[in-house]
Structure formats: structure tokens, C-alpha cells
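Below is the structure I would like to discuss, written out as C-alpha cells.
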Amino acid sequence: MSDPLLEISDLHVDFNTYDGRSKVINGVDLHVDEGETVAIVGESGCGKSVTAETIMSMLPQPPGEITGGELRYRGEELLGDPPAHKRVKAESMGMIFQDPMTSLSPVFTVGEMMRDVLTYNGKTEVGWLELGKSVLGRRGADEKAMRERSIELLDRLQIPDPEGVLDRYPVELSGGMRQRVLIAMALLGEPEFLIADEPTTALDVTVQDQLIELLREQIDREGLSMLYITHNLGVARRIADRIYVMYAGEIAEVGTRDEILDEPLHPYSRGLIDSIPKLTAFQREGIDGLLPDYTEPPQGCRFHPRCPAAMDGVCDGEKPPLYEPADGHQVACYLYDDQMNAQDALEVAQTEIEFEGGSLDHPEVSSSLGDETAAESADRTEMNEPTSGQTDGGNR
Amino acid sequence: AGEEPEEGIDDDDNGNGTGNGNGNGNGNGEDDDSSLVYATTIAPSTIDPMGVSDNFENIYAVNVYDSLMMYSDDTPPELVDGLVVEWDVADDDQTYEFTLRDDATFHNGDPVTADDVVYSITRMMEMQMGMSWMWAGTLSPDGVSAVDETTVEIETDRTFAPFIFTLPYHPIVNEAEVEANDEDWLQDNDAGSGPYQLVEHVRNERLVLERNDDWWGEWPDGGDPFDEVVMEIVPEEGTINGMMGSQEADITDEWLSLQTYQEIESMDHASVSDEVTFSPLYVFMHNQREPLDDVNVRKAISYAVDYETIVDDILEGNAERLQGPLPDAMWGHNSDVTLYDRDLDQAQAYLDESPYDGEDIELTYTYVSGLTVTENIGLLMQTNLAELGITLELEGAPWTRITDMVTDPESTSDMHAIYLSFSYVDPDTFLYPAWHSDSHGSWESASWYHNEQVDQLLDDARTEIDQDARIEMYEEVQELMTEDAPALFVVNEAELYGINNRVGGYVDNGLVGYSKAFWRLYNQG
Amino acid sequence: MGFKSYVLRRILSGIPVFIGLSMLIFFLARVLPGDPARLALGPRASDEAVQSLRDQMGLNDPVVVQYLNYMAGLFQGDMGISLTTNRNVAADLVYFFPATFELITVGMTIAVLFGVPLGIIAGQNKDRFEDNAGRLFAFFGVSMPAFWVAILLQLLFAFYMGWLPATGRIATAPPRITGLMLVDSLIATDFAAFRSALAHLVLPAFTLALAPMADIARMTRSSFIEEFNKDYVHALETSGIPAKLIAYKYVLKSSFAATLTIIALDYGFLIGSAFLIEIVFAWPGMARYGVTAILENDINAIVGVTLVVGLVYIIANMVVDIMYGYFDPRVRYGGDE
Amino acid sequence: MENRIESAKRIAYRFRQNPLSLAGLAIILGLVFIAVFAPYIARHPQDAGYMGEPAVDFANRFAEPSWEHPFGTDQAGRDILSRVIFGTRYSLVLGVFVLTFAIGIGVPVGLVAGYVGGALGTLLMRITDVFLSVPPLVLALAVAVPLQPSLRNAMIAIAIVWWPWYARLVYGEVVSVREEQFVEASRGIGASRIRIMFREILPNVLAPITVKFSLDMGYAILIGAGLGFLGLGAQPPTPEWGTMISEGRVYLPAQWWYSTFPGLAIFIAVLGFNLLGDGLRDVFDVEVK
Amino acid sequence: MRTQDTDTSSASTASSGETVTNDTASDPHLEEDPVLKVRDLKKYYPITGGLFKTKVGEVKAVDGVSFDVRRGETYAIVGESGCGKTTLGKTIARLHAPTSGTVEFDGTDISSLGERELKPIRREIQVVYQDPTSSLNPRKRIKDIVAEPLIVHDIGSKAERSERVKSLLKRVDLPVDFLYRYPNELSGGQKQRVAIARALTLNPTLLVLDEPTSALDVSVQAKVIALLEELQRDLNLSYLLITHDLSLTKNIADRIGVMYLGKFMERANAAELFRSPQNPYTEQLLSAIPIVEQSEAELKPEKIQIRGETPDPSDPPSGCSFHPRCHRAIDACSSDEPSLVDVGADHDSRCLLHGDGDDSSDT
């Protein structure tokens, strides 16, 4: 296998806060291959954005501090070399942000911003004279070409009246439109690697659906690689080739889309997926407890205090290594300690979890389809049982 | 004299100050010596001669306009002829006849005629502004007529002995010129015949006067008179100080603080004139309110105040005790009346005679806010009266509020520190408005003093033309009043003016306007 | 909503405020003690003279009638006669206003020209020496009483050093055209006068500028920092736009919009300080005229000065709001309140 | 309670982040101490009119700063340091009075205008706008004139000028808090308007009010001193700082100490409140004008 | 939840056939004696603008909505952002006064009651909001937040109130030592539990749940929903659930109203709606759901190409307001306004394709 496009190994990021030093990212390994779309999923606060910020060198420092690890882009190590990082970022990377409301400068027109991206993309320095001209809104000779290029791109993103949009301010656009403009801005610089941090979370399902579609198209068309951050597993399914499940600053599990979503190995991934209301069924248990306090993270597996399958003396010892029960499907959980294959491991895990937690009542993973009525009746019986004792308020 | 200021940053701007007349656009700025700068913190509200009222305005008026009579620079001042060469009063004591001099011309060249005099008096009485109150009830336009080119007859409405002493404050204007222009014209131009003429008026900044070579009067013989006089309005005292230091200013006004005068005094090239003339300071006591309605209390207080400290420390010696109600620069002053001095035993004795205990007495002392001397006197009196057990509260109030307060005995404060000013050189000017019951309700009569005998004497003195008889009456009034002690006759303050040593001929006789008779000054180098 | 409509609405909205202000001031002035007629005529005037003047001044009419008459007069440039100058207050204001206007304009210009770059420098060097020094300066600037600074500067630069004139406006005035000495001297090509006017302006204008400068620097700094943390900065960065361009084009424009509001506020502060500063520097302007009027209960002048100050401030706010609308289109669209 | 301590710690932490605000706090505590114990601190309390005991010593006028009179003496021979010390009382009282009054009027007006809204709210805010359309010092001057100059009247004048600032601040805050769902939730429970305004909304706008209070203390002291300086505030012999500067200005430049030290006192007091206010602004994370 | 016999729906499908519904008492879709009876409810917001802030138009946020909520059932309202869901909920809870139409609660028309007469009703209808952070006063302790309804309605002594608050906390599975905490010391899920406890304080009959879980993480969301279900069962609560999560409604709602620009596009029994969505808009919504497990794909309609976004509600398209985005639009859609048409038992839909809705009364 050739080198991955982007590779993070053993990344550690700390934050200094008033109640101490929080070790947020704790040894993350991650790679994105050429032409691949990779998703990071996980609950709010698990460190997805911090990872992205590290890659884009926009981590606020202080309070953030990268305490270890490497970040290689096309084999070039960037963390120790800020100028190179800056250059690579300007030349090859692009980013789409979560909040379309705040990710566009409110005081310039869409056209002005796009023009600047086209004019200055890749340049790291700009003279004062040039700056003055730009501030005064002087148009270059290639103004027309740029405008056409912008219009073409907006058009490709199915923005109605792209000409008109160029002369408008972001306030005059709807959320979906702004998000498209953001995507257009990110694509304008012709990056080869794109990070998208929850770009569709704020949008309606229908709009979200359209945007994902569009993004997919553009990615394929340009042959881009992408790191897509989301907490919506459904979205991850639609866009990603591979998925990283992140928990409390650690990678819990990684595998192909189908491996993760249909055959999750890590108890956390399984709890997460089960918690989602699905057309087929809906487990109402969720996961007990809260994300740990980063200033005093649990020893060993950071998930173990909430894990129904936690093993005393094992899980609270060392941080679990990544096991690879199936090729490419890695999981950081001691349940997979022996070198068994995925199917067996799953079964073991199944019984373990049932044994320990008693409530993780998951339908057969391998069976393709749950019978709807069966699922429903399961629901009903489930409901009739007392649900007391379930609380996510276990932060005591 | 005339040396360059030590710290000029450039030729046109001599160090501190709102510039100066030297570089002015009149073209004669090169010759420093011929220009006199009078620097003042006060700005005129009007320079219409019939509107002028305060000292600055009157300085302007007497220098630019002639009047029928003038005052000499003696102390006490004497009446001298102005535009008049001869005057007479008929037996009815009311009809005056004035013969005008024939060589007087206005600044535009017109001769000064009897018609101009009639017009001026009429204008004054119709406008009802400025000094016109002096002649209220005495003069009406009907009584004034031109007998011929140079003769004016004035019949007063009543016998008013001080009348002739008021005339130096009646400027004569050029009828033709005033009539030909609108009301405002006199604010930027003059229509006078006086020794100086107005060449520039920059509002709130300066008035520039130029010597009138055609003036009928005499110029001083000790040296060259000043060709130009700049009345520079410098609201900041500190600036005036600086200007005196750098010799940009020659004469200051009388409103500066003692400290500034001290500094001027210490300058090699300047000194301070400190004549004690007509600035009596009284602390009025409310004669109609308890406990001050008791003469014993008033006397007790009169004996308690430490006048020595007032004269020596607060005023740094620039004052004399006031003996009775009249300053002794005024003719008719009675130098035999009691001079109250600090005597605590006396004070206590008088207090004992009254039904009051010192501890019972609480008084309010009101002074004009901003007048530090009166404030300091209040502070001192606090300490002095405390020795009798009397509590004194100080209250500063703006002048307009004080004039309001004293219109009614209810709102009049227990004690008011007020300077009386004179208008015409006649004891009447001080005595009638302050102590006659008919005058109650004005700022000059804040003690609400009432004594039938005094009232009668003051009335009689007004209708008696004979000077000696009048003096007798006034002396009696002073005696009676000193006994009544209706007010603290505190001090007669020196009016201080900073003046450059090069200015010769300067005499302060304490007269409004006439104390700055520029035509009597000269450059003595 | 278009920009034009926004501008128009903003301008129209100033009118009721001005009318309200005129009422407030007018009725406030009517409760002044002391009879303006008597004040005008001096303490020795006769009662008849006072009464006839009262009639003439309309002081015997009901207050509402007086107000309406006043407003009617106002539109014809008649603001009543000043008791201290005996001139129409309108004429006085025309005479005195340019001096104050020149002073506050130069003051504000200094404040903006120094305050904004100071703020940017501090903001770009957050928590470093430049920033700490800037913050300290800002605190000192807003905490020093203007009239005290004026006295100190006067002591230092005028009295002890003798470098600059202590008071006044100019040595020799050029012919009056605009009433602004800097302009008039240039029109007259009298460079000596220009230098003199400038020399006289330095201390008062700097004194006046100090507090707003500090405030503007503080505001620029914080809005600059705040803007820098906004998502769009990162978005632009990742789009490959050079940092300098982001800082001085994008961030500056946004943060300047925020600074503008403080500028409007400081403008009011500055006009207020002028009332103190003009006294100390004997600056022959409207503010000193106003203080004199206040000390002498000169009603018409007080009303006139306060109205003009209010009007200037209202207009300044309007201009700033319109600029704000220009800089930040959100204001135009989000529009109201 | 534990959480109380926790949040106090949080505040203390943020406060400590900013040593300048600690300095501000120290200055203000110092001022309060000086104000309270002025008679014991000042060497010549009677020079400041303490206990109504008049004490003037004209023989010792204008003594230069010395060990006996570190700030020199004034034109009546009074110890300027003692007067400056007593002046602390007037400035603090002025500030507290003005702001208490301003908050007492402005906060309810802002609450009503912001929450009740409607014609009443519009009217209130229009009135507020009118007051805000003149710079505070200028309006305070205009208001002070008919009241006659005195410290009390200066305080009243400034207070009258000040309340609209609080009305506007509170109005702005209320308008944003009003949209918060807990306000609606309270309404949904059936809570009365008064209850919602004072029990739900008010606690949430206290932070900006507190910050503004601190910043405005400085500003009010400045304006009070400005009025005193123009002769419209405290009258001599009250040892109010602005008034003292105004008195001393007459004696410049020779008696430079007369105006300089009271000015320094104003500067320090205002600086203290500004530093503290700025620290509070960081702690509460609010922006007020 | 799912208390009624599911079979009735299939039984009545045949009988009602294609008849056009009427939003009156005779409408078979609308039951007798429901807890909540909403008829032709409208809520318009004025739009002001221009120089003098005059009214220049209005947003028809809720534009003629009728439905019933039965005792103990969960009625879900789904639709895209800005379609008027929240407005509908708030108008029903009388946080807004309706522009027209009626809201009958337990037989009383509450649509025009004044604040005083409303007070007793307020005890019966409670709202749980989307954002747990903003719906709790950050300056109050949990105990005061939960006790507030008791204080407002002046119920019980201090001790009784405190008892009640404790039992409520227990009821929503929160530890008692949370009593003295402030909201910012709680996690999102915990805050939402507090909000629910507050809503339960007065023993309400109907809870309006406005996206109660959409601000929460999935694992937390599941538990909150479980709690809500449990409470409903134990306390016989009726729920009006507002959400945009179709998968969620499938799992917990009894009946569903699909809303678009202030109007219902489709109303149906939950199972029925997912089994055979009739309205093109519902189809689009379903098709756009991102699915997690492969197995779900079977339950989704064919992938439909979706275009456009929700139009500006102040200027809705003519005819059928959905037609510009509709994949089945015909010419008539841009001019004719469809009305709700009965398309099955307890199921109606608003689309011209169902035949003409000429005599519909819900216009």
C-alpha cells in the first residue's frame, strides 16, 4: 500500500483550563488515503473538532497544546514545521465549517470573498500596496474570468441565480445557500484534501440530503480526499468509505462504513448505534453516564466506567491497544484480546455485554433484517418493564 | 521696555496667550511702544454706549465717547468740564443750562452739536438700558432741548442734588451716524468724539482702539501717548499673568487673584497699583430676622470678627478697615464714627445683653460663589464666631441667585457678603440704595435696615443743593448707622491692577471707566 | 431593505428625538430661577423697564406658546437674545461654533488616527508587551479627568517648557471665512497663522483626544481579537487567503464596525469634555460660551447651546449609524433595535 | 455550599487571570477605607470641615508640600492632604447615590420597556433616547442650572442624566433574555409579568448592571468632579476634588500642588473603578458601554 | 402509546374510501372527546417594514390547522425548519394568542381566554422546549426551578413543596443532591430531565414537547425518550410531540401530522404513514432520512431527487405551496390549492393528485 495522503499518529493534545490540564486528545491514530472519504463520529465533546483543528493548524494555542504525535501530509511531517504546515494548508487543504451563519465574513459580498480566494489562493504574503488596492476594491484584469469561474462553481452547486448571489451579502442568503457558498469557497482553491466539520448539522433533512449528494459528486469529480466530521451516523453512512468512532479523545474503533455501522465491535460503537431511533427499531437504553472529565480521565480504557462489558482489573489498567479482528477493522477493546476473527469476536462480545450489563439487548447483528413487527413487539415488552435505574445522571 | 518675549516660538506668536495686539492687522504693529494692551478676563456684553454698564464697557465708553462732564484723576475725584465749557443751574434747582465747546468733532468729522446731546439723552432714556437707571425719575426726553447749536437746556423732573455728578456717565453719540445705521452697527463701530476710536472689534477676543488725533482734549506731557490701545479679552487669569510677564500686556483688570498680582508685583518690569478707593465690602446682617434684629447681637458679631487677619492675611494688606458705611475716599466721610475692632470681651458683653446665648445662635453666611475673598472671610468668621459659641454655616451662591434671594426678607440669608459699588461721586450713591427703606429688595439693601431718621436725612440730602449742608446730613447718617451696626463694615478693598512700568500717567482714582483713562497715559520707556 | 431606505429611515428617526430634546431643554430652562428680563437690564433697572422687556421677550405668555414661538423662531434662525452678549443666540452660535467644531474635529481625528492603530497593534500582540502597555494606556486615558490633564499639560508644556501657547486659539487671526482657523489661514495662504493655529490646537485637542483615544484603542483591540476568533477567519484562512489580507481587510472592516459604535459614544464624551477644556485653554468656542451662559443664567444661550450640542451629537450618531450600515450589511437587514 | 465555593473559585480564578483588576479592587478597598476612617487618617480633619470645626490658618497659606503638609496648604492655610482624604467621601457618596438612583429608575424602565413593550415600551424608550441625545456632562450642566449649585444638586442632576443609560442597557439585555425559553416557560406556568420581570429576567441582567455599575462609578466621579470644576457642583469649602482643582487653578502655575493633588486623587479613584469594572467584565463575560 | 388497536386502521380504510374530509366534528379522523381539539387554527405574524415600521405583510406561520390529541396518546408534528411547528405548539399552549380558529382543551375553548382565566389551564398544559440550556433560568437553583409552578399557583407549604420537588427529581431519575445545583452544572440530558420535572410539577394532562431531544447526544436522547414514554404510561399523559426526526416518530408516535408552510400536508396513523405515505412531501422527507443500518433501507421509499429549500413563508408559492419542490408536480399545482383529502382510515393528505378537493372546508 502506498503512503496515505494524511496520516496522524499518536496525537496528544492538552488544554490548560482553570480547573487543571485537560488531556483531550489521547493518542489518536488516523489516516486518510488518496481519494478516500473518512468520517469521524462520536458524541459532542469527544475531540472531533480538536483533531480537525490540529490538522488545519488552527488550534488556539494557548490554551491548547500539542504534546505529542505526528501529522504527515504526503509523508511530510508538519507539526514541527509551522511554515510548511502553513504552506501545505494554503496549497492543498480546504475546510468546510459547521456553522454557515458565522463562517462567512458578514461584511463582504460573496463575490468579493470568492474573488480574493481566486486571486490570493496559495500566496502566503501580500504587499501593503496590493493590500490597499484590494481593500479599495480594485478589480484585476482577470476579473471577468474569475467571475465566470465563480459562477460556474456556484451553478454546479445548484445555487439558483449564481450571478445575483455573487453581489449579495451572506445575510441575504438562506442557511442552505450559505452552506453551498462555503463549499464553493472551499473548492475554489482547488484543494486535494478537504475537512468538513459537521457541515450539515444545522440543516433540514431534505437540504442535508441534497448537500451530501452534491458534496459526494464534487469529491468524486475532483478526486478529492476528505475527512468528514459528524455525530450523525446516518450521514456518515452516506458519505464515508471508512469510519473512525471516537470516544473521549481516543479512537474506539475504525473500519469500513458497513463494518462499523452494521457490525460494530466496540461496546461504545454498539451503544451509540443502538441509541439512534431507526426505522427498524429503537433501543431506548442509551449509554449510562457521561463523557469523562478530561482533567482526570479514567485509567485504561476511557470508556470503561460506562461500559456494560467492562472487566475489572483489565479495562482499568492499561490503555487498550488497537486489535484487528478483521482486516482493516480495528477496535480498541480488551474483549478482542485473543486474535480471533471478527465473527467470533462479535459473538464473544455479545455474550459478554449481555452478561455484564444485562440490558444490552441487541438483535442479531449478522441477521440482515429485523422483522418489523417483531421489533415492535420487542419494543412493547421492553416498555412494560420498569425502566427505573436508568439514568444518564451518573456523574457522582 | 518692548523687549522680545523670552520664549517666543515664532515671531508672530509670542509665547503664551491669545496673541496680542502687536501683530495685528492694523499695520502699526511693528512699533510696540505705541501700543497699549489692557488685558482683562471680562468680555463686554455690549459696547453700545447707551448699553454699557460694567467697568470694562465703561472704560470703552469713556475713552471713545465724550460726555458733558468728566471726572478728574484726583482722589476724591472732582468734576471737570467735558464737552461743556460752561454750565449753570437755575434757582428752581431743576433747570440746567450747558454750553458746549465748539471745537469738538466726532470721529467721522461731524461737529458735536446740541442736537447730538439731545439725541443722546433721548436715546438713553428710551433704550432704558445700561446706566439709564441713574436718571430714572430725574430725566425725561421732554425736559431736554437744544437752545442753539451749542447750548443745551435740561430741566430735571425733580430736584436731585447728585444730578450733575451723574453726567460723566452719559456718553454723547453722533445722531446722524447712529440713525443712518442699524442697531447692531454700534457693536462694531463707534459714533463718538472721544480720545480714542474703535478700529476693530473681535467679539470675545479684543477691541482695538486707535488714537483720535483730532480730539479736543489734552494729551499727557510726560511722554508719547499711545497710538493704539488693545483691550484684550483673556478669560484665563493664568494667561494674563503670562502676558504681563512677557510684556504682551501692559495693564490688567481688577478681577485677578491676589496671587497673580503678587507675581506681577515681583516682576521687574511691572508693578501693582493698589489704591484703596471705592470697594467697600459689607457683611449685611438681616435686621428683620431673629436674632439679628437685636442690635446687641449685631454688635457682638461686629466685635468678634478678626478684621486684622482679613486685612493682613486674606487681603494681604491690600485693604483698609471700613469706618462706617462710607469709604473715606468719598467726600462727606465721617471719620469720627466708631471703628469696630476685634474685642471678644466687648462682644461677649453685648451678647450677654441680648436674650440669646451664643450656642443658640445659628447663622447662614452667603457669599458669591467664586469670590474667594468672601469665602475666606466666611471661613475666618466661622472660627471667630465659634469663640462666642455661634455657629456659622457657609453658603456660596451664584450672583443671580443672590439678587433673587434678597428681593424678599424671607429668602434673604442671615448674612450676605456684598461689595457695594458706586456710580457717581456722591455719598448718595452708597447710602441711599443700601440703607434707605425705599430701596429694600435690591442686592444693595440685603440687611433690610430701617431707621426713620436715616430715611429722612437721606431724602433731605437729595434735594439740598448746598454741598456743605449735605455733608452735615451725611455725617449724621453715618453716626446713626454705625450705632445701629446693621452690617459688618468690613473693609474697603484696594483695587489691584497690574501695570507695566513703562506706562506713565497712571492714577487709580477708583472711578468706573475713568480709572482707565487711556488718554492720560503715556509711554515712559 | 435597501441602503437608501435604511439611510432615510435613520435620518427621519432623528427628528422626533430632536423635537423631544428641544422640549426637554426648553421646559427645563423655564424653571430657571431669576428673571431673565431683570438679568438683562441689570440690578438697578426699574420695574417698568423689566416688565416691558418681559412683554417684549414673550415671557408673560403661557409656556407652551413660548415653546411654539421659540420653535417657530428657531426655523428662521432666531434663538432669542442672549442676556450676556445682547446678541441673538443664533448669531453667537454661528460665531462660536466653528472654534468648538474645529477643536472636537481635530480631537476626534487624533483619537481615531491613534486609537485604531494602537488597538490593532495591541490586538495583534495579545498578552504581549505591546498589548499590556496599550491596555495600561487605555486605563490611564479614560481615568484621567480631562480638565486635570489640561492643567498638567499647560503647566508642563506652556508654563515650564514654554513650547506651546497656554491658551487661546491663534496669534493673529486670518480673515474669517469658515471660522475654522486651520482652514481660513490656508485660504488666506497665511502659513504663519496656520502654524500658530496648529500650535494653539495641539494641547487642547490632545487633551480632548486622550480619553476617546484610549477607549477606541480598547474597543478596537477587543473587537479585533473577537473577530479574529470568528469562524470566518478560519474559513478564509483555509481558503488560502494570506493572513495579512484577512487581518487588514476582513477582520478590520468587521471590527471597525464595532469600533464605530464606541466612536459615536466617545464623540458625545468629547463634546462634554470640551466644556471643561475650553475653560482651561480659554478656547473661544461654543462650550465656553455655554459655560458662561450657565453661570449667568442666560436662558436663551443655555437652550441654544444645549440644542446645538444635542443636534451635533444626534447627527454624529446618525453618521456613525449610516457608516455602520455601510460597513456591516447585517445592520441594514436586521435593521431595527 | 460546595457549588457556591466552586463558582466563587471560578470567579476568583478569572479575576486572578487579570492582575490589573486585582489592583483595581485594592484601590477601591483602599478608597473605602480612607473614606470611612478619614477622621483618623487625616492629620488635620478640621481643615476639611470635619465635625463642623472650622480651622483656618491664614498665616500658613500656600505652604509648599512638606512633611507636615505632604500636599501643601491652600489659600486658607488648610492641609490639602487632609482635604483630599475627606474628598474621598464626597466622590464615593456621589457615585453611589447617582448610580443607585439611576439604577432605581433605569432598571424598572428598561425592564418594562423591554418586556412589556408595546406603546408604553416605545414611549419609554423614546424618552430615553431624548435623554441620550445629549452628552451626559452637557445635560447634567443644563439640569444643574435650575437646581442651583451644590453637591446634592449636582448628584441629582447627574442622576437624572444617568438613568437612561441603565434603561437602555437593561432594555437591550431584556430584549435578548426575553427570547430565552425559560422566560416563556415561566409564562407557560402562569407566572405574572411582575414575577417574570423581577424574578426571572432581572437576575439575568444583574451581571452587566454590576459591571456597568463599577465602570460608571469612575465615570460618575469624573462628571461630578467636572461639575465641581465648573462651579456647579460642591461649593467651597467642601473639600470635593473637582471643586478643589477649580479653586486651585486660579493659583497656577505658582501653587501647582493645589490643583495637582486633588486631580491625582480623582485619577486614582476612577482608575480603580475602571480596573475593577474591566475585571468584572471579564469575569462575567459581558460587554457594556 | 399505541394503545388503540392497530387493526382498526386497516379495517376502516375500506369504508372511508375517497371521501373528502371535513374539518368538523363529523370528520371521522377527529375523535369524540379528545383532550385537545384544534380547529382551523391560524397564527399570523405581522411583518413590519418601510420607513415608519408599518405592517407590510404577514407570515402565515400556522395557517388553518386542525387535529385532535386523544388521552394518553402521542401526536407528532413533523416538518422542516420554519414550517410553523413551534408556533403551533406555542399557540396551543397559549403562549401566543391565535389569529383565528379554536383550541379546545378538555371541552373548554381556550383560544380567546385572558391571562387570568388561562391560569387554571396553564396547570394542565405544559411545554418542554428544545434547548434545555435556554429553558432553565441560569440564575436559579434546580429546586427553585422545579418549585416555581407551585409558587406561582400558590400550592402547598414550603415543606410540602420541597417534598414534591424531591419526589419529582426522583421521578425523572435525578439524584436529590442536584437540588442545590445551578443549571450550568448539569449535562444536557440532566437539564432536560429538570425541564421535564418542572413540566410535571402541576400534574398536567398535556405536554407539548417541542423537539425535546434534538439538542442532545444520541445516547442521552434515547434515555430521555425512554423516560418520557415511561411517564406517559404511568401518568396517562397526552403528548404533542414536535420533531423533525421521522425515525423517532415512527418509534414513539401514535399519530403524525406532516406540516409544510403552516399547513398539514398529511395526517395519519404512524404505522400507516410509514407504510404508505400518500403525499409527495412526506415521500421526500422519508426518502431523505439518512439511515444507519443497512436494514433500514428496505423501509424507505425509492430515492427521490430533491430540489430547493423551504420557501420564504411570508411569500409562499401560489397554488400548492409545495409545488416548486415537488417531484410529482403537475401544471395545476401552481394555480390550484389542494385541500386535505381522506385517503384512508385515519389518514388524509393534501395533494391535487388525490382528486380535486373542491369542497374542502379547511381553506
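The chains carry the letters A, B, C, D and E, assigned in the order they are written, with residues numbered from 1 in each.
To be clear about the criterion, contacts are C-beta pairs under 8 Å (C-beta built on N, C-alpha and C of every residue); 3 or more make two chains touch, one makes a residue touch a chain.
Composition by chain, UniProt nomenclature: A = Nickel import system ATP-binding protein NikD; C, D = ABC transporter permease; E = ABC transporter ATP-binding protein.
Given the structure is predicted, the values throughout are model-derived calculations rather than measurements.
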(request) Give me the chains shared as neighbours by chain A and chain D. (result) C, E
(request) Treat touching chains as neighbours and tell me the shortest step distance from chain A to chain E. (result) 1
(request) Please identify each chain that touches chain C as well as chain E. (result) A, D
(message) For chain B versus chain D, what separation do you get between their C-alpha means, in angstrom?
(response) 44
(request) Using mean C-alpha positions as chain centres, tell me how far chain B is from chain E in Å, no decimals. (result) 90
(request) Give, as an integer number of Å, the spacing between the C-alpha centres of chain C and chain B. (result) 40
(message) Nearest whole angstrom, what separates the Cα centre of chain C from the Cα centre of chain D?
(response) 23
(request) Would you please write down the residue numbers of chain C that are in contact with two or more other chains? (result) 33, 154, 159, 279-280, 295, 297
(request) Going through chain E residue by residue, note those that touch at least 2 other chains and give them in order. (result) none
(message) Please output the residue numbers of chain D that touch at least 2 other chains, ranges allowed.
(response) 148, 231, 249, 252-253
(message) For a test of understanding, state which residues of chain D touch chain C in their complex under the given definition.
(response) 20, 126-127, 129-131, 133-139, 141-146, 148, 175, 218, 222-223, 225-226, 229-232, 242, 245, 249, 252-253, 256, 259-260, 263, 266-267, 270-271, 274-275, 278, 287, 289
(message) If we count contacts the way the header does, which residues on chain A are in touch with chain D in the complex?
(response) 18
(request) Would you tell me which residues of chain E are touching chain A in their complex? (result) 1-2, 80-81, 173-175, 178, 187, 189-190, 193, 217-223, 225-227, 229-230, 233, 244-248, 250-252, 274, 284-285, 287-296, 298-300, 306-307, 309-310
(message) Help me check something: in the complex, which residues belonging to chain D touch chain A?
(response) 10, 13-14
(message) Going by the contact rule set out above, which residues of chain D touch chain E in the complex?
(response) 1, 3, 6-7, 180-182, 184-192, 195, 200, 203-204, 206
